[in-house]
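So, here's a batch of structures to check.
Next, two complexes with chain A in common: one pairs it with chain B, the other with chain C.
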Partner chain A sequence: MIEDTAKTESKKAAKKEAKKAEKAAKKAEHRAGNPSENISSLDEEDVSTGKYGTLPLIRSDPSSPKRTFTYLKDLNKSLINNVIWVRSRLHAVRARGKQCFIVLREREFTAQALINVSETVSKAMVKFSSNISKESIIDIEAKVAEVPSGVGGCTQNDVELIVSQIWIVSSSLPQLPLQIEDASRPEKPDDEESLKIRVNQDTRLDNRILDLRTPTNQAIFRLEAGVCRLFRDCLTKQGFVEIHTPKIIPAASEGGANVFTVSYFKGSAYLAQSPQLYKQMAIAADFDKVFTVGAVFRAEDSNTHRHLTEFTGLDLEMAFKYHYHEVMLLIGNLFTEIFKGLRDQYKTEISIINQQYPAEPFTFLDPPLVLQYPEIRKMLAEAGVEIGEEDDLSTPVEKLLGRLVKAKYDTDFYILDKYPLAVRPFYTMPDPQNAKFSNSYDMFMRGEEILSGAQRVHDAQFLTERAKFHGIDITKIAAYIDAFKYGCPPHAGGGIGLERVVMLYLGLDNVRKTSMFPRDPKRVAP
Partner chain B sequence: MIEDTAKTESKKAAKKEAKKAEKAAKKAEHRAGNPSENISSLDEEDVSTGKYGTLPLIRSDPSSPKRTFTYLKDLNKSLINNVIWVRSRLHAVRARGKQCFIVLREREFTAQALINVSETVSKAMVKFSSNISKESIIDIEAKVAEVPSGVGGCTQNDVELIVSQIWIVSSSLPQLPLQIEDASRPEKPDDEESLKIRVNQDTRLDNRILDLRTPTNQAIFRLEAGVCRLFRDCLTKQGFVEIHTPKIIPAASEGGANVFTVSYFKGSAYLAQSPQLYKQMAIAADFDKVFTVGAVFRAEDSNTHRHLTEFTGLDLEMAFKYHYHEVMLLIGNLFTEIFKGLRDQYKTEISIINQQYPAEPFTFLDPPLVLQYPEIRKMLAEAGVEIGEEDDLSTPVEKLLGRLVKAKYDTDFYILDKYPLAVRPFYTMPDPQNAKFSNSYDMFMRGEEILSGAQRVHDAQFLTERAKFHGIDITKIAAYIDAFKYGCPPHAGGGIGLERVVMLYLGLDNVRKTSMFPRDPKRVAP
Partner chain C sequence: MNGPTKMYRMKPIVVHDFAVELPKCMYRMNNIHSSRNKADGTEDHVSLPNQKLDIFDQVKQFLKNSQGIPGMAELEAKQNDILKQLEQLKKQIHSLKCDLNIQNDTSSKVIPKVAQCTASKRTKNNIPSTIVINANPDSPPYSLEILQRLLQNQIALVVTSYLHSTIASLPDQANVLKSSLENFKLPAVVPVVNVSLIWKNISSNVEFLIAHTPISGEVNFLRYLSRSTDTQLSYDSDVKSNEIDSLLDQCYLLVRAKTKTERSEILQTLQKSLSKSQWLAGRSQPSVLDVAAYSAVRQCHLAKDLNVGLGKWYERSQALVTS
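Entry: the complex of A and B
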């Protein structure tokens, strides 16, 4: 797959290649054939000859027609009586006597086309149309016609297309491993029929290129791109600099647990579990405010709805003057900006996704709600759940807390500040007033953690002390500690899991739904 | 370093921890000490008591002062006679009798500060100031004063700061592994002195957090962030969707050469050499136009000025209607937009970088120059270099060609179209008219390749034939071929190496200068 290195490899066989290739190319063209010829033999008096068939493989021939195509999404009454060209998928086809109805699909948009036997449309053309396999890509020339009664089941429902030409651009195998209609079916827990024909997740992921064609998946991944864009734009406006941190790292910083090992020439290296060290080095190197978007790797054997072995991290780190709340509140407002952006710019996508996966709209406060750890212990105690002063929250308790917070404050997003020091990593700055607490925070969406962050210890000597208290071998983290020996401003930051944010914003039940090609302990394909 | 997993790990030691931490925190505070106390013991009649010293470690104390700090970059005559607070690095210090001159540095900006013995400034305070180690972070309170004759060697040269308070926020070790002045020194080939005290590249990279503090490096990585932003914004405007492709892949697609192996639970996996398969799958899955920015891995043992084992790929892929030039020209215009954006928005950065690394300004044409392979064979022949019709270009020939093109067309950027089929990978679409050529292109900056791209074979059967001609084991690329069995539009794309683009735009001599933490066969640290 490698363009850069392939050069050298391919070069060896250079001359031999050419003749073979020429032969292959001719063969392919022959296979694709001249469509008119193919067809005319079926019906010698075909009035539609030259108006339908299979196009030769599109290989960028200079003699290709210069045509303007209309997108399905732009198909509406304003085009009535216009003759247009459309390239789209054949979503469904149904022949009925002298007619053939086709549903065209382009991303999340659908429209109806009609091939009707007439003076210019032959029976053979209708037959040809009705035999095109679903999911093939076709070009049609058609006149836009009004449908006063509306077209059922299509997004473009006030017009239909009366076809005058139909050509296969790229045909699909007739047997599909999953049906787009099935994969698109709404999941209603009270609808037994819909549950029976639901496509299970492994089938979806094994055939991801088909599964991704559903309107819901088209919308999910457009919205996910939106989260990244909003994250970056909001931070760039505030003077953050984007950096790129290495994924291949020399040492497994916390003892080697949950780290993937890589063969690196004659030695070994590891895959970074987070860009944190490098973000912090960028701060020590005067970049002041940085963010990075990139792959993060976790070799955890966790087979849950929310764990992936590879995911996209949205990370930021920022120097502050006196108090880490300068950073924490900036991150809180960043989320508010993202939620507003999604609500305002992705209405259509959210509504398409909700049709298949119904969910309560995501609620948030502006400015965001900030709760203190001691506060939430009280809330939980009132609900009958006792949490020790220095205990962490388990996942079920986090979910319960999410429900309590939602009931009391009507927000699906909140910040939980001042975690017990004992449950945070060694590099977390202890609270200056109460040594049981720390300058750290998590952020939650619908009761699940989506960001963990803190003020970091920026003093090499104190960091060494903290690491020793945690029983960490100082020699293994020497590079980390050294980064703070030449002056470093106080700083804080956090890391966000992109796929979790999208899952929870949309109220989906599995992080695999928001990872285009998910990786977990049991899946590295496709 | 892992916030997410640390929770679980740390929990075990929870209770024990707290007491230890409390002790450590107290110790740290004690070490930092009360500055006034520290100092007053040195000079009992110190009029400056409480006006200088070492601040306690900044741990987000609620009682911290509420102060507004002024950035050095905003320091100019309009502030004369104002008393301001500045937090910055101590870049240089020089004591002279009762005076101490300090050069402050903040990113690429510098200013002079003066501590003068006076009624309110004690000798002890001057002495304390002159002993602060370089690279420490300090807070100063100062009055802005005019310097009619100008301050030599500082970017903010029409004012200086008359200091009334000076505090160490984070002190640096006194011995630096490299001097920022040395690392910032212009590289002039005719200046023997400058060559002698040049900091060599390994010293720089071993101490990257210091090296990155030079004005040039601050500017390089801000400009690099700009390239990414311009790339994404330009494509987003044209309807491209950002995707994230997995870095951990199940099979080494082209026989395992140049691929890093990863231990994946009980099995093995590989690091992706390119997102190409996944970009193409996104096209087969109806995303129409996609881009992705992410880490790309090459296990090549190439120790050159332009090879890295991990770099940032800017990749795009796009469906087209009839001709791959629709895509090629879009990419060409994308580069034009990037070059214009850099020229117009990064003037300051480019000028700072040029002071250390002089280079000819980067030239380009709008629209970009497109040359055909047969054409450049002629150009080369006229320059005395014969290239066979189906030969690839070697790196030295590419460089020569860059010079010829520059001389003839006055552009440092051009597109070379129609490479011989024999030198391109199996998935490249052969030219429909001349089987010796292919629908593929490279793009060049200052005579070096920075993008390789092509129309891909989008027909499963033809792709199989092409792979067989290349002697590739079909079973190993079954997943790739399967992606094209259910209808796929014709498409083309390309991959750009971010670090190379920045290196060549700026006329730098080594790709390690544009990778924040470079990885090569001999370096995985820091």
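Entry: the complex of A and C
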């Protein structure tokens, strides 16, 4: 029902827009036909000639005027009575008799502009303004005026702009595939009265450039950039070197089943599903501590809320002296640093995102909580879920565990140490004290695994032994084993998916919300 | 041993299950083999290869046929003998059982003592091996510091401290306590209790988790500890246990008190309880009450406002930490 009404409404709107467009086109024709006259030639006494219209295409003409523009976010009471230039998007327009209200938008900031018929502003100019299509980019010259009662629905609510000139820089098509208001409407499941019109995920992704204009998306991707920056900053501070690993690889690096094959001249090659081998080779080549940020490809045909076929991997690998906990705790502290940075530096972004997608704030402990596998088996057993000594955790069990840990320690982030050897890949170092366990760890955010890491076997002979034990064809991984033949320091590491971390930090329900142009089994465009 | 498959397969020599074409010129009779149920004795020795009698039927038939066989009476007598022997065996076993039961009864008199021993041992270890304590950094739980030292010969409180994301940084006073707790060397022999101390923005001063619902208040933690352990701290058997309980409440109120008059009133009640003895509630040994009161006074920075008697008591309490 709701969808239906939405459709008819949008149809009506579309018709209106079409009519408007027709009119505008006629006007444009008229103007083109009579270049000496301006558009409001019908009105003989147009006092606003030369103060509105469509700007010619900006092609970096040397004779273009030199103006200083003010950003909407800087609009405040200190600018009252100043005449300023503003370039921004037209978010909404509403004409009422001799007045025309325009809502300007610049990223998450909005301000109201007002065009009043007066001695310097003609009726034709007001009419022209009211016909500018939504999402067009406009230049405005205006005087800042105080609004004592405040402007409702705008972020800059203590002032408004009294327009004296208005020019279209780049106009939008009048028909929009999705309305920005709909795309940025808060999701409040318990609020009965709120409008239920939503833009579904596929429409959003098909028209991603429009969707990305919403304040929430602006904030999400700025926060994502923050995660990446904090990751780089923290590691660089600790002496890590950023390396770039090849994405076209000769052989499947891990399992082998879920790699993309690409044709490579006369043969074929694969897209890297993990930079792990190259990180390890960098360690064998004495880089000591390395990290890499880059695309990772997984040819898994799983259409879930948390799988993408291409995502950004943040990976690190580090040589240690005697115990892999040196590395594990460093990674744990890295996360704490990132979370602290986000909490302190991205407050506004987080609050904007929470307005649309409400979520409990992310909690963590400093130093991070480390739990041992036997310990969590006990916790789960108390909750009535029996896990075998050498069993892996299934996704629902992981979620349950997340809830248990949250209830006990009130933390959304924790490290789970000492996984059973049987559920880890062949290159994982076994625990020296108990053959059933391994020197490996997983890290969790809101009950979902985000990082899986371990001490790697750094001895070629032992590695061959382990591979044979797992029934892996030695010839296929010869290149991997060869990397350790000329001496290699003990090392450990791990990698995270940027999109997933951002999703879980913000408590979003879909990883596609945190990928700018997501790739999944059903989508390769845009 | 899968013989049949390995053996040479032969064609059946006599084929007996084909349809017999009966001549129609003769008088038609009922098939006698198909109506076994109505069969009388004469038919019984005609056993058909296709017929599968179950054992019960076979036995029945055998008994029917064997009536009047001479050996039968002897067999019956033999069986009766066996039954009698079985009866005797049963009686013997029963008497053996009875003997054992008596022995059980005698041993049960010993058991209570053993049970008591284990019970008293258990009370010492009644606390789970991990406890999570949430503390507000503005009023650090100094009681932990004293407990750690007082109980070091009974329970090793191994404290790991965490900073929750609701707190930006730890104030100095909390930091001092944290390092004091974490660096205290404990003897290795006593049972270990891992305490996760989480500095968190909470409304009360201390919260602790045993099961799923947090219990708030530092004094309530102390009450829990004294009840579930058997140390010098417990006051259940103390004649003044009521007084101790009400004074513990006063300590809780002291931390929450907002005005100076409120605080001085509580300090006065403490003073009355101390009177001229060494420790609060007129005891010669420190109790949970002293631990709670010390922590509350220190949290409120009231050490300077104490009168002479309480001041000396405060110094004695502090000495428990440093000694």
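Everything that follows uses one rule, which is that the second predicted complex is superposed on the first by the 476 of 526 C-alpha atoms of A that agree within 3 Å, B and C clash if a C-alpha of one lies under 4 Å from a C-alpha of the other, contacts with A are read in each partner's own complex, and residues count from 1 in each chain.
Going forward, contacts are C-beta pairs under 8 Å (C-beta built on N, C-alpha and C of every residue); 3 or more make two chains touch, one makes a residue touch a chain.
Model, not experiment: these values are computed from the prediction.
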Touching partner for A:213 - first (chain B), second (chain C), both, neither: first
Which of chain B and chain C A:300 touches, first, second, both or neither: first
Chain B versus chain C as contact partner of A:480, first or second or both or neither: first
Greater residue coverage of chain A in the superposed arrangement, chain B or chain C: B
First, second, both or neither for A:87, with chain B first and chain C second: first
First (chain B), second (chain C), both or neither touched by A:432: first
Chain B versus chain C as contact partner of A:74, first or second or both or neither: neither
Touching partner for A:411 - first (chain B), second (chain C), both, neither: second
Interface residues of chain A shared between complexes with chain B and chain C: none
Complex contacts: residues of chain A adjacent to chain C: 339-340, 343-344, 361-367, 369, 407-411
In the complex with chain A, residue positions of chain C that touch it: 132, 134, 162-166, 168, 196, 198, 200, 209, 212
